[in-house]
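Note that subunit A is present in both complexes that follow, paired respectively with subunit B and with subunit C.
And now, the complex of A and B:
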């Protein structure tokens, strides 16, 4: 861990991420106003009363960003964990069992990956009831297809090793082979992939919220706050920029950390 | 004789506190061959590259000097020696298949360095190359030059690489284990070709190998390295006759294993009838093969790579489905699919891999690697499991403290011992060993072989021991089968198989085994080699 944080970019990433996580956890205590209450004129510029000004309805933008951070971070966390777990387990199981199971799962995955993920999300969210759990499941399923690809190639490499053959000769069950023999050898690349999923989920939810299919009002994540205030850009109001900057900083922070992690893994492999 | 071409004086190579080459001195005259011997990690390759002015990674010369053709290079300007690479000094790597670019024909790659350094014009290089191909015993030189690396055999590729090195007519060639990756019979051809070419062109050579028998055939003088230190240096004949250092004597003795008691007749435990195995629609790798393993004996299967030895072992283990055949274990039919076998049958047959590195899960500790089999086989838990684990580790001559280590924290020999302990935990009847010692250094391999012998005798195990090394067969086997192109060409008790009259193939295999006797290489070449139509002898006469 010491060498992981020896680079400037890793420290920057970790600092920003911790800042965001802390802000979202402590939101109720640090927010100066209720994020849903109108507290002034609309689209006020920055001032001592409203640090980042007010939004299209006159709500305090800083308070809204804090509550949005909670939503964005927790959704992205849940979605990326689910996507990584599902993709990993399915791909490792497919490789370990082989035969028809492997064929069907892999072709289904190819099918989903051949369609643009935004289209799949639009169709699924339009057809299914508009709840937060639907949103989470749909986005996790889309993320899982990517993890499946990576997991499949990792598992195929591991399956070809002599120790996997030895486990087969010893008559070990599929569950033991996947969980005890294969997964520990793939944990680092999968950990890095989880990081990538996390930042991809942040962007995807923000995108969906921006076009109105993501998190529904009155709750608002950063993507939704950008949408609410986008018309202000025409009048020279910068309210839409703050959530956009927050999204960028968060994604950059996660990517910096993932990069540092992958570099460290590469070093480990070189040794 | 002329004065020294290369003089290395008190050379130390390392990085900060780590010293890989510690105070090595030797000299090499024009036309002479110096053999460098040592186990892996002894610093052989580092020394070979240092002579070329090349240092891997962060390694740097620390002290001492290298004098090449009268010019002395000190540590601070040692890398200047690298300007001689490809012109006056050339290099032949261990793995020729990794050294050639697969996208270009061999001919263009062989002459590339000589043309690039301006030593020869392309036309002259072309002509030189054809001469060298003929000198090295490569068939049809003109056609050979047009072939791509994947279209020729490993031995031919290694000779092409030697031709590449000789093409610039260098004064010094560094051979880094050029025959280690080759079969014994191929090794013989390549070795003879290298020796002949080096003698003909009067090139000096540094020949690196871990096999003292191979080196003694080609080198005028020997340098024995251990842990980076020079422990023996002198004329080959002197060292072979009276080695001063105990390590050198131990190396020499690995070639003289103690004799095994004569085998008696034993009841069969595993019987195989009319086995045919093939991959895809191609010609079968094994055809109509029958084999009987006598109980409590060691049965050695010997042959070159590609002869089907490993395929046979994998089929018996239940990892490879055959096209036809019958298998019985203790008189009862046994499935060819390990998943279809009963747990009892699976425990009875255990498999030892060639490479313990890949056979042990790198994320499991020794405790789990061996303990898992103990728990599943005998149902032991807690203190009883711990006691059994320690007992098994002691049985394979490992300290019980090693139980907490990961495989990467063990040496090659220790890893193979853990793999053996894991197999023993299953309380097997039969051990199938697929070249378990060929990836190990000679002295370590000797220790592991002794362990196999002792386990076989004390536990009454039946061993199917696959190897390409006749010396190993002599030291471990009661019965021997010689395998060639998917068939057993000769089988029986060790004494019968290894005494004349021989069939052609067995004779060739036995002759190809490197020995320490001075005239071995010359005498070995008298055996006809049907696979190479234009042999060295024909070119010479």
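And now, the complex of A and C:
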């Protein structure tokens, strides 16, 4: 029962994720229309000409979703990779160097983690120039604080193990011990954390674009497409639902995979 | 400092452990708040370009910039400016909004109350449901009901707030017609109108936080029901209700508080987004609008207020947890 549930959900997650990644990679070849070109009346329902209907300006919604997928996936990917790398690097540095470096980094991290992430993001976005790189750096920095906390606890545990002591006594260098001993032993929990960062980044960037503070027009990720079409909902137009459902399916897929991975990790630990 | 306190607790048995722990926790909150104020001040003053030039926009002639700099006190040193800013805030003065030229504090109080209503009502709705769901899951641990609850909460956790909100609008406004959209609230509104306007945002927020609450309730309750004394109570044949009331409930107070504490951030962030979705006049909507037009004094004030509310609520929950669980009174 247990293995059935987890394997079915893991396979579903993997299938959906591969589908989305494939669609975004192949977007220029699959898209029936130019995503920026007006190709019909506004807010048309589903039809053979427009599979998902048209949007608030009469553009083909399916083509827009495909080009939006590229933005959402690539932004979330870059943000989550940067967050995981930065968080891991800084936490391992803090633990292995210790002293004042550890104190300053950890207290600063406590300060950032004592605030809800959206508030940090909003203050930062209000004062920094409104560019895509600002968006990526701010969200990656917020994600890195979470990774730091995990990396810190992993590294502290590993530092106290016998094999770390042995490496130290064998006269191995500082860098060797961190890269060849610490990192490999922390890789699976960090991998699971990267997955969580990925799904959290998808939701975060979509939410920011939805409230108008994320990716700026004319570029439109899924969150921005929801924003463009949200006024249609009161007239019974479901254009805003498709990108919103796409976001949810993508996040569900990633979460199912992460869940399966961390359950596997738990089992390994129990054995 | 930490070790000093720990030694103090161990060597001389403290006469007032609770008071000591509370003071310790209060100090921490004050330090955090101070850190946050520094952070926000630093963020705004590290602005690329100039505060004065930014506030004037296109009308920025050198003379106008100089006069604004003087009236905003930007010609004074950084430390003086920080202290003056803090002094003003303690007087309840958050400055003038750049966009409307009205005092920020006049808007803030009103909107803060609206936001707290929204978050409070959603919490009151979601917490009992989460606890019941958690109990149910723990009762049938690793069996079908538990797996279904876990899967459903994983799915809800993956939905952005706006999808939940729009689905509810679709059902409740367009098909059933019990609620109104947008959720405008104003003074002197009749009670039924107010309730009908509040229904959608409260329900959306409750559903959005429910997923995470269910997860934390499940793990918190699992730690209570799997204890040896619960086993004993069951084995000696006590009636289930008595077990629940006399044994489980008193010990479940701190898990319940944990559930609330772990979801405070979700409640506050969720409320901000939901205010934007439903055009609900709270602090979240105010802040998002201010960020869009770069109305820095408003952003500063909202950021500070949100941080303060979050830190104070956390403090309150921690205090209640200390009162409920004597083990927490001794800082490690």
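Criterion: the second predicted complex is superposed on the first by the 263 of 271 C-alpha atoms of A that agree within 3 Å, B and C clash if a C-alpha of one lies under 4 Å from a C-alpha of the other, contacts with A are read in each partner's own complex, and residues count from 1 in each chain.
Going forward, contacts are C-beta pairs under 8 Å (C-beta built on N, C-alpha and C of every residue); 3 or more make two chains touch, one makes a residue touch a chain.
In this text the structure is predicted, and so the values were computed from the model without any measurement.
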- Query: Given the touch rule stated above, what does A:162 touch, subunit B (first), subunit C (second), both, or neither?
  - Reply: first
- For A:181, decide between first (touching subunit B), second (touching subunit C), both and neither. first
- Task: Report for A:99: first if it touches subunit B alone, second if subunit C alone, otherwise both or neither.
- Result: neither
- Return the chain, subunit B or subunit C, that is in touch with more residues of subunit A. C
- Is A:114 contacted by the first partner subunit B, the second partner subunit C, both or neither? second
- Message: Between subunit B and subunit C, whom does A:218 touch in the aligned arrangement: first, second, both, or neither?
- Response: neither
- Query: Which of the residues in subunit C come into contact with subunit A in the complex?
  - Reply: 32, 35-36, 39-40, 43-44, 46-48, 142, 147, 151, 154-155, 157-163, 166-167, 169-170, 173-174, 181, 265, 268-269, 272-273, 276, 287-288, 290-292, 294, 296, 299-300, 302-303, 306-307, 310-311, 314
- Per the touch rule above, subunit B residues touching subunit A in the complex are 317-319, 338-339, 341, 343, 346, 350-351, 353, 355, 358-364, 372-373, 376, 422, 426
- Query: In their shared complex, at which residues does subunit A touch subunit B?
  - Reply: 161-163, 165-171, 180-181, 184-185
- subunit A residues within the subunit C interface of the complex: 1-2, 5, 9, 111, 114-119, 122-129, 199, 203, 206-207, 210-213, 223, 226, 230, 233-234, 236, 240-241, 244-245, 247-248, 251-252, 255-256, 259
